[in-house]
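A, B, C and D are the chain letters, set down in written order, and residue numbers restart from 1 in every chain.
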Amino acid sequence: MEKEIAGSMSTSATDNYLTHSRGLKSWLFTLDHKRIGVMYLVSIMTALAVGGFLAMLIRVELAAPGPTIMGNNSLLGSDPAAGKDIYNQIFTLHGAVMIFLFIIPGVPAALGNFVLPVMLGAKDVAFPRLNLVSYYLWVIGAAFFLLVLVSGGLDTGWTLYAPYSTSTDTRVLSAGLGVFILGFSSIFTGLNFIATVHTLRPPGMTWFKMPLFVWALYATAVIQVLATPVLGITVLLLAAELLFKVGIFDPALGGDPVLFQHFFWFYSHPAVYIMILPAMGIISETISVFSRKHIFGYKFIALSSVAIALLGFLVWGHHMFISGQSPLASMIFSALTFSVSIPSAIKVFNWLATMYKGSIQLDTPMCYALSFILLFGIGGLTGLFLGALSVDVILHDTYFVVAHFHYTMMGGTLVAFLAGLHYWWPKITGRMFNNRLGQIAALMVFLSFNLTFFPQFLLGTRGMPRRYFDYSDLSKLDSSFTLLNLHSSVGAFLLGGAMVLTLSYLVHSLFRGRPAPANPWGGNSLEWHCSSPPPHDNFASPPAVGDPYDFTGLEYDPDLGGYVPRRRSVPAPETQPVP
Amino acid sequence: MTAPGAIAPTLSTASGWLLGQAGESFWLPPPDSTLAGAVDPVFYFILWVSVFFFGLITLLMVLFLVRFRRRAGIGPTPSPSHNTPLEVTWSVIPLILVILIFYFGFTGYMDMRVPPREAYEIHVVAQRWQWMFKYPNGHVDENLHVPVDQAVRLIMQSKDVIHSLFIPDFRVKMDVVPGRYTKTWFQAKEPGQHLLLCTEYCGTGHSDMSATVFVHAAGKFEKWLADAGKFMEDLPPAERGELLYRRHGCQGCHSADGTAKTGPSFQGIFGQTHAFTNAPPTQVDENYIRESILEPSAKVRQGYSDKMNSYKGSLNDEEIADLIEFIKSLK
Amino acid sequence: MSEPTSSPTQGEPAAGRGSGPHVVPLAVLVAVFAALIALTYLTVAATHYDLGDWNLAIAMGIASVKALLVALYFMHLRYDHPLFALIFAAGLVFVFLFISLTLLDTLEYQSDTDPWADTLTRSGEPQTPMPLRSGSRTLNTNPKRKRGELSAG
Amino acid sequence: MTDAKALPPEEADAGHHRFLAHHFDSPEQQFYTGKLGMWLFLTTEILFFGGLFCAYAVYRANHPDIFVDGHHFLSTALGATNTAVLIFSSLTMAWSVRSAQLSRTRGLIACLVTTLVCAFVFLGIKYVEYAEKMEHGLIPNRIYFERLEPRLAFEPDEAYLREKLSHYADPSAAGEDLDLRVRKVRIFFGIYFCMTGLHALHVIAGIGVILWILVRSLKGHFSSAYFGPVDYVGLYWHLVDLIWIYLFPLLYLIH
């Protein structure tokens, strides 16, 4: 590998990480963080497509009360009981695929892997081999999920609650093994990022000169390293329970099902911040760049990421207010839960303050960033309902919760992922996508997302429990349940359409897109200082480090279609392109 | 970008209003128990706080987008990139609000968890996928009957996996956990009927696991309970068996019409000979049915798994005889 | 080893603090080993005395002293960059939080649980475990549902 | 690369060029990064075992009697011997790091071999303990398949448990009958098997990595200029020791 790299070093100046070496093997065994990032990107987007397809099936089933496509045909269950089992397996796999295969690795392992070392000015991550191992662990974990899918499914819900999971006939053991392996994939990514940030910063790159995306990834990595092992031991104990009935969670043997929930949420609540923190990092980057303004309150944003990461460990019990947890513990967890809302609020206000007196251009990444603020705003504010003890009693395990976490996970993380994907797309592929189509798709995503999930808040407050195959009992009393569900299903299809549109113009840009300039958006963090796509080693010599949010040294070059360093040293008003 | 930001949620909300649900109960179901007082005001307080802040965020965003959109020849205006008093302000105001929310939520929650001393006790047994309500006189019912204006305390247990008892109109929800007792309480305000649902995912029939709550007018509840105790004596055995079949949740797994569910259907089963995974082929007769009810794992039918709970202690000999008559009657 | 010269990151040394990796003297290693063996003997000996709750506290105290010795000397924490000790401590702090909050909750609701009770296992049916307000007859009777009557009432 | 001045030039040179990865500027940076990575990994291990300790704490706090009953079935002598063996192996491991730092290859090899021997002795004693329990079904003793997935049979010999427990007074004040104690003590063996089994797996993994650095030492890879892997493996091995230091009193020494 090393020799091969050394041999091809002497190619032309257009040499980049994509053209650096050729052939399938040069990709599959690559140690280059950029190529691993691209492999992750392709893989997790495949997982997103699978999870999205399953979501469509769920929404079709729920479009009307009673069996619609499941339980009345030979393909998806010939009788209602079979249809219900299939529905249960589909929502389980939708959750498991989206969470373990897409959202958790989504931003850190795919975009983070590509961008973090370049942003820092490093040649690679600290442990390139471990990075590749972590990718293949993801692949093996995904293979286990596939095995589950073809060999009997899984119907426990992604939460794997005992004792249901120890009494079902479906493939809990294989799924558990998959989750265990994916957990280690995530741990290794986190470990790698922490070590990279600590040791591979070039001279001048002090902690408070790091871009906020790096801060967010660092905080995420801390959670990955500290929380994910508990997921490992949880599924291991679940496996022990299944394998030889050890009796830790099974009440029939003296175990305690509520203990399982403590174990599960000790990981899975911090995991929520694994999903959302890197997304917030992307938003901090894009808001600042597209407003041409220095990010407001840099230190507050940076430190609030760390605060969220640490406080996030202390709130897991808010998933258990009505699960038999003691009122004392519920009180403690509720109080701590509200403390996490403060750093999140700080971030939102700082983003808005960044836009103040800026020069805002609504390119596609900015469109996504703004919809992130609104959608995450709704997601965060509805979290207040669920954190308040008495209100949680009626909302727990209803569609209100479903809507809440889709607003944060999907309206938050997925939308930010799309913002980041579009923002770094020219850097990753070296091609520009069609900005107009991008803006249209972003608008479609925003509108259809709200159409899909806002009705679910109402379904929830009015009493529709989650994980319901059939809501006939409810719709008989109140026809609005049918109408709201139908809204949601229509929205889901529009959302699916927007995603297909996004995929098609992005793929189109790979072949027909205009070659990207080094700095199409005018960012000042280090990844915009190297060519698009970056060369194999990122930087020949350690780059000069400045303030990543100081844009005064850049000006737009219409010939190039991108930003270049300002030629005169005298500060002059920036001339901006009219969108 | 901005207009949709404001319009989309409004559209959704508007469509909700158009469903004829406008008025007091647009968000929440009718407040039919005294516990609504612990929930609804907190809910609306948070709702208005949220609406205010969401409106503020949207307003500022739209304002900045219009005012500071990129125009040729005009760059960003220099302004400070940090302001500590401002940061402290927008940290402290939300902090005060969330402390208030926590306090309201907490006090309401304590009201919901602590029943008054003089509460009427009903035992609830949950199993896949059936609720059973046991009354002090020993009567067992598949629906929940309660007196109006009287605190009712539910003591709940599960025979298999975790379930959750949810009565939206009463603002009551509590998980039913195997291996322990969980408790909740409520006091209904008006006579009437309400829906009771399961909100903890419990498998195939999760969405079917509902029951009806009947709130009896003052004085009627006692009469109902006394009648309930006598009703069955007058029925022929097969009909008694059918009632037991429904009440003890048999129909959750065993159909009476030939459909295979989690367990074999009862239709025509009597007199047939079946193969077992752990026993020689046996004819379905009285002894076999009795054994299957009391020790389900002794003979596990081919093609089905060993999932049934034992009914030892919950069905007496006469009741088993009634059930056998019922199964015989299903030709 | 010599002084590290051009540290690539400011503020964070490339190799430990001060001069290169510290070599622990053999005498220190052997002394730590002897102490560990002595403490093992002590902890076994302590179980011969009935000290009530103190038995567990003493056993855990001795184990923690042993763990500290291993971490400080065998694992070089005493000589290495404090960041490593911080990482190690962070792990311990979160384990402590996990155990203490979980324990706090499970102890609190313990009185409601009844594991091992035959009444709650698969092999038996729950048998009205708590005293009911009125007498309990085992008669299972019930009228057909009378929705009409209820809505009227 | 001025850091090489205290070393014999050829050794320092070899260290730099053979084992310095392309993205590091200096061996110090590489060593520090590796050690940081190792400490992060050890932290994940602590959290990983932390889950088991949590399960242990919850059960012991809620059912102390089970643990008193259960510990009668373990041999304190064997446990203490294993503790001593592991502590000794930790000493030799620390010593091997010292030898590598001082470029004493023969000492390094001798220490690593001793550590390996200790690891095998530990597993041997563990095997003796397990074999005795397997005989009575106190820990899983057989694999079978159910619905094509493997299962382990964990069927304690109740007659044996009853016979042994009848010699000891009921540790809970409740005066429970022997049958209930027999059923309850099962959970002790479940936890015992999970904790010591997972620890034993870590010992086996430790043997693997020690073998790997032993092979590399035989090839003469390590010297004062490059000894990172020995140090990292040493840290891992000490953590395995450290966990056992807690497991021993928690499982064997219950009063």
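Here is the rule we use: a contact is a pair of C-beta atoms (placed from the backbone, for glycine too) under 8 Å apart; a residue touches a chain by one contact, two chains touch by 3 or more.
This structure is a prediction, so every number in the text was calculated from the model and none was measured.
Student: Of all the other chains, whose mean CA position lies farthest from subunit D?
Tutor: The chain lying farthest from subunit D is B.
Student: For this structure, I'd like the pair of chains sharing the most C-beta contacts.
Tutor: A-B
Student: With centres defined as the mean C-alpha position, give me the subunit B-subunit C separation in Å.
Tutor: It comes to 35 Å between the two C-alpha centres.
Student: From the mean C-alpha coordinate of subunit A to that of subunit B, what's the distance rounded to whole Å?
Tutor: 32
Student: What whole-number Å value describes the gap between the mean CA coordinates of subunit B and subunit D?
Tutor: Taking the mean C-alpha position of each chain, the two centres sit 46 Å apart.
Student: What residues in subunit D touch two or more of the other chains?
Tutor: Correct list: 29, 32, 36, 40, 43-44, 46-47, 50-51, 54, 58, 183-184.
Student: When you check subunit C against every other chain, which residues touch at least two of them?
Tutor: Those would be 8, 14, 83, 90-91, 94, 98, 102, 106, 109, 112-113, 115-116, 120, 122.
Student: Please set out, as single numbers or ranges, the residues of subunit B touching at least two other chains.
Tutor: In subunit B, residues 160, 178-180, 182 touch at least two other chains, as defined above.
Student: Work through the pairs of chains, note which ones touch, and then classify the graph as line, ring, star, complete or other.
Tutor: Shape of the chain contacts: other, as it matches none of the listed patterns.
Student: Which pairs of chains touch one another in this structure?
Tutor: A-B, A-C, A-D, B-C, C-D
Student: Please name which positions on subunit A make contact with subunit C in the complex.
Tutor: Going through subunit A, the ones touching subunit C are 198-207, 226, 230, 251-256, 258-259, 262, 266, 313-314, 317, 324-329, 332.
Student: How about subunit D: which of its residues touch subunit C in the complex?
Tutor: 2-7, 25-29, 31-32, 35-36, 39-40, 42-44, 46-47, 50-51, 53-54, 57-58, 61-62, 76, 80, 83-84, 87-88, 90-91, 93-95, 98, 101-102, 180, 183-184, 224, 227, 231, 234-235, 238-239, 241-242, 245-246, 248-250, 253-255
Student: Can you name the residues of subunit D that touch subunit A in the complex?
Tutor: 21-23, 29, 32-33, 36-37, 40-41, 43-52, 54-55, 58-59, 63, 140, 147, 149-154, 183-184, 186-187, 190-191, 193-194, 198
Student: Hey, which residues of subunit C end up touching subunit D in the complex?
Tutor: 1-6, 8, 13-16, 20-21, 23-24, 26, 29-30, 32-33, 36-37, 40, 43-44, 46-47, 50-51, 55-56, 59-60, 62-63, 66-67, 70-71, 73-76, 80-81, 83-84, 87-88, 90-92, 94-95, 98-99, 102-103, 106-107, 110, 116
Student: Can you list the residues on subunit C that touch subunit B in the complex?
Tutor: Touching subunit B from subunit C are residues 109, 112-115, 119-120, 122-130, 132-145, 147, 150-151, 153.
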